[in-house]
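Heads up, the next two complexes both have chain A, just with different partners, chain B and then chain C.
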Partner chain A sequence: MFDLELTDEQKLIRDTIVSFASEKVRPIARECDETGTIPASLQTQAFELGLIHSPLAEAHGGFGEIRSAVTGAIVAEELAFGDLSISLYLLAPRLFAYALIDGGSEEQRARFLPAFGAGPYSASAAVVEPRFDFDTSSFATTARRDGNNWILDGEKCLVPLAAEASAFVVLAATPEGSAAFIVERDRAGLVIGEREKNMGIKALATHPLSLKGVSIPESNRLPDLDLPRWLDHGRVANAAMACGLARGCFEFARDYAKERKAFGVPIAQKQAVAFMLADMAIEVDAIRLLTWEAAWRLDTGLPATTESARASRYAASSTLRVADNALQVLGGHGYIRDYPVELWLRNARGFSTFEGLATV
Partner chain B sequence: MISFDLSPRIAEMKNAIRSLAEQAMRPIAREFDEKEHEEPHEFQNLMWSISGGRAFGSSDDAPNEGKSSGPREGNLGACVTIEELSWGDAGLYLSIPNAGLGGAAVMAAGTAAQKTRFLGRFAEGQPKWGAMAITETHCGSDSAAIQTTAVRDGDDWVLNGTKIYCTSGDRALRSGGFVVVWATVDRTAGRRGIKSFVVESGTPGIKVIKVEDKLGIRASDTAMIVLEDCRIPADNLLGVAEVHQSTEGFKAAMATFDATRPLVAASALGIGQAALDLARQELAQRGVEIRYDRCDAHLSAIERDFLDAEADLQAARLLTWRAGWMMDRGQRNNLEASMAKAKAGLAVTRVTQKCVEILGPIGYSRQLLLEKWMRDAKINDIFEGTQQINMLIVARRILGYSSKELS
Partner chain C sequence: MKILVPLKRVPDPQTNIQVRPDGSGIVTDNVKFVINPFCEIAVEEALRLKEKQAESEVIVLSIGGKECQEQLRTALAMGADRAILVLAEVPVDPATAAAVIHKIIEQEQPMLVLAGKQSIDDDAGQTGQLVASMLDWPQATCASKIDISADGGEITVMREVDGGLESLAFALPGLVTTDLRLNEPRYASLPGIMKARKKEMREVPLAELGLGATEKVKMVAITAPTKRQAGKKVESVAELVSLLHTEAKII
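Then we have the complex of A and B:
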């Protein structure tokens, strides 16, 4: 039966993340963007919140929690309300850990997952490729069989945590379709390139990966990963973070418009501004509902590619509009770096590119 | 717990209405678009016999239905069924005999005795309609500027004025139904003086002087009504007669819209979905399949347009369901109802225009119903509060402003 009420547990989790985002994330977001660094201590705090390892089996140091895409979407929205770069930084290890939980062999889980249960642990995934027509329906990075090994060739980009990650899940095309492979950092032929310089998410270090004849054993292929499903989880994460960013923009612009006076009254009392704010409020809710719908389908075991792709696509364009309108409400103040809105606009521009940078 | 599942009861109703829409509405949709002002009697009688005069998807506490067990879902159910009926045809949907908006006003503001007196008739006899008359030639959204007067004379109220754009007004007065008329008891009191009165069919002094010719929803009658010394019993006033210092009475009347706006949004969704379904089908016949999991660079312009239109409509649908769901839970949904109405009215306008554009000359031709749906769609951006009025309400609510602070 149709219901939009969070469970008590989800409310508790949301409240915890809300506090974390407002106390630990928001206050440092601008400085992180300017300096291009995120304090590693945040990883420890994220570990204490169980952001990565709570769904791990108890044998691997987790709590064996049943993962929910809806709960994941709620968490991602609240984190991104704090800051997008920091959200991606904190959530990136999920790309690796969740892929193994969902589609790894027993042996692979035993080999890699206990490290996530023991403390903050860096691992990541290489999904995006540096070409204008990239999408996850076909990878240019290839994997071909060589006896009992796989040989990987290709170029990846926008890989979070690449500088410190111990291992990556790499998505590549095989003759039998797309597949996921574990590539440890020290494999011959894997080159982690110079840090990328992006328009937004500047606090987050991302790097390109170059794979030239990287040979890995069959035991590094994830045997049971339902890749389309995994990508749907990524789309939901993308849409949820977009919602958080859009909400941040809306609330900031709303509060500003009630303070800022022109011609003797707050500019929010002018319809030209008030209607922009109303549109922003509607869009934030629209993005969230589309995201939750897709997440609910994932949790329920229903096909979800249409809904998750729809949510992600809608969120990408709508969030950009919300961010741009927020900047417009602030006028000149929106354009200067003393205010956060220009940062949010730069980050918002990326959602059409960011699929594959997070998962729920 | 968050769920987007419709209950078995609503899902079953949805399927039943879809069949009805396919069999009883689509085949006559064009006919009653072209024969404006003619009655689709056969369809109306069918609907009257099926519904027993109960508004389709009226809420759980509708007069002719016992309390259902389990959680209330009458408003959400109404959103779903009205979407399906409007998928069949929005004009015909609006021509269905029931208490309509007039009934909604009686339900919202009437006493138990008034509900029995005015709504009982919808459970028996020949098809009847209820209607609501608010708009006047000089005022629409600004309902507080109403000039129609109600003057107390002994045990009666005497009404004088002219009302326009009264949906089903002609049918209501011809069928033994009623029209709820908004009038002022004190022109100097502004919105505090606005009251609503039930004028029953057959009352001397009320008559329809014109039925409008329209762009769309032509199967629906839109009446201009004149009240000339129209005398009604004192007890036909909904609510209280006193002009209070506060605007609570006016606000209560406006609260009717919190229930009806999601229903208008739902009707918009049905038209939009019809257009999308047809466009997808026509495109598929020409070898164009819509792909969801591709980046823009791999998609044709038509696919991109289609995906954006469909997403916009789905966003509107979820906002609409939320507004209905909140109503069922007894939560105030003034903000959410206006969000849904604003989003859905605009979305369906754009979606239907886009579908006509996508199908080119076929879309523009009257050989398909698509061009009709585009014409029908636009009303949803106007009636039951224009796009702009709903945005204004959303803005006031999110900013915490009164109508004085943000006008």
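Then we have the complex of A and C:
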């Protein structure tokens, strides 16, 4: 009943993402953070890898692959090992595409998905709301019926790709419960606000969305989206990325501690540091195991809300701890921007905040 | 056009290699293995030629244990059409590798064989040339650019030589070995990886090829290079000159 061995395909996928992350992502991570931009050419490369469109139906330009949350978690971990901002940037279109694959009508899929199969295509989702009591089970953004149309009102924030996305999946409360709607960029009443000034993930632009009486037809409501399940997928993706980030911090601190000498020996041989590193390694594995358990439940069709919430919650606090300890191992070097750890620590802080920026 | 690419499984060049205490080889536990980088460049070039010429087929070939399936699978995921694995229990020398490739060429009749110029483990750099000579085929080594005529009959190969570029052309069939700057190999894409599962991988036991004794080289022992000695700090120029004279004996 218990087997954590990756399949041959998963190993190959991991190899591909490992190479991509180490050769194309990590070398530019610092510059992206400093400039607050990510080169669009990376999206083309991500398209060539099939990061978004491989599970699309062949009729929509995809390859009809069966989606696996476990494989998705492996991909997300390795990408985030490269860089969290870039990872979120590249995977954000999944928020839109996978919502349509899972819960869209045949007409909606035919209308929107072929663009994802034809080339890099920017679309996103608006989940988070700028209020202290934000709760994914009761949105303050509302949708009310108006004849054959829906009228959307509310405020969203932390929307990735908002500056360039052609369409958004917007989550809102209806009299019958929460629902998801497709809102095209050019709908009257949709205002994309000024770029948010975030502490971490600074390379990724996020914007607030304001919806003021946005009218969309009934045909833009996703008829079959299991919203809690879709959010579970998001939490698993976040946890997997946290794992990648934490692993990056741990490995960097470990290698540093083996090189850096104090009192004639590498500091890794000092118990105060060695114990810290051992605890970091355990945290990384713990995040991964919780993530894989939740992902496996998603893949097998079992209820996964508890497990994905647990993984996401544990990952958020644990990653921050690992990043903080990595910085401590580096001492003064951890605090300066010549080393990547301060960047990772700023990014790690976001995990407890930005639910809904990714999905597996 | 049919293109055959022989490829070798080698330790990842990023790996820290350790020699076994008895000198019989290297420690392979926890060592990641990859396609030899020059062979990977050959696979990439074959795929690019295939993209230019419709109805081409790229066959990849490896010699070794079952574990070589990993590298063949990677090549299939990059886009090769099918794979052949010649099962050999022990590592083979360049002469045997060439004899095996020769046999497979007789079976498959490719128009072009693209091989890496050398493998990064043994650095023998002989296999490609041996194969060409066995077949009495034209060959060009260390290609930095390859062009094939529209009718697929002739190949032009650019080589980086001392003082400039050398251009060679010959009629196919023939053999070309690849150099580092020929191309930058692609990553296996996610859909490519899933498709690779359904592609053919034929296994041929070495004995089935009916080769006689082909081993020409015997590996006697492997030793690690001696560790670099720590440097010395001297107090004065006079001391340095004196040490260079008495200890290093170079002045």
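In this text, the second predicted complex is superposed on the first by the 360 of 360 C-alpha atoms of A that agree within 3 Å, B and C clash if a C-alpha of one lies under 4 Å from a C-alpha of the other, contacts with A are read in each partner's own complex, and residues count from 1 in each chain.
One rule holds in what follows: contacts are C-beta pairs under 8 Å (C-beta built on N, C-alpha and C of every residue); 3 or more make two chains touch, one makes a residue touch a chain.
Worth saying up front: this structure is predicted, and the values here are computed from it rather than measured.
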Fit-or-clash call for chain B and chain C when the two complexes are aligned on chain A: fit
Which of chain B and chain C A:275 touches, first, second, both or neither: first
Which superposed partner A:285 touches (first chain B, second chain C, both, neither): first
Inter-centroid angle chain B-chain A-chain C after superposition on A [Cα, multiple of 10°]: 80
First (chain B), second (chain C), both or neither touched by A:3: first
First (chain B), second (chain C), both or neither touched by A:51: second
Of chain B and chain C, the chain that contacts the larger number of chain A residues: B
Touching partner for A:317 - first (chain B), second (chain C), both, neither: first
Partner chain in contact with A:20 - chain B first, chain C second, else both or neither: second
Touching partner for A:246 - first (chain B), second (chain C), both, neither: neither
First (chain B), second (chain C), both or neither touched by A:133: first
Smallest distance from any CA atom of chain C to any CA atom of chain B, in Å, after fitting: 12
Doubly contacted residues of chain A, that is, touched by chain B and again by chain C: none
Chain B partner contacts - residues on chain A that touch it in the complex: 1-7, 10, 70, 132-137, 228, 231, 254, 257-258, 268-269, 271, 274-275, 277-279, 281-282, 285-287, 289-290, 292-293, 295-297, 300, 305-306, 309-310, 313-314, 317, 352
Residues of chain C that touch chain A when the two form their complex: 70, 73-74, 77, 186-197
Residues on chain B engaged by chain A in the complex (per definition of touch): 1-7, 71, 73, 76, 292-298, 307-308, 310-312, 314-316, 318-319, 321-322, 325, 339, 342-343, 388, 391-392, 394-396, 398-399, 401, 405-406
Interface residues, chain A side, partner chain C - complex: 8-9, 11-13, 15-16, 19-20, 48-51, 54, 62-63, 65, 75
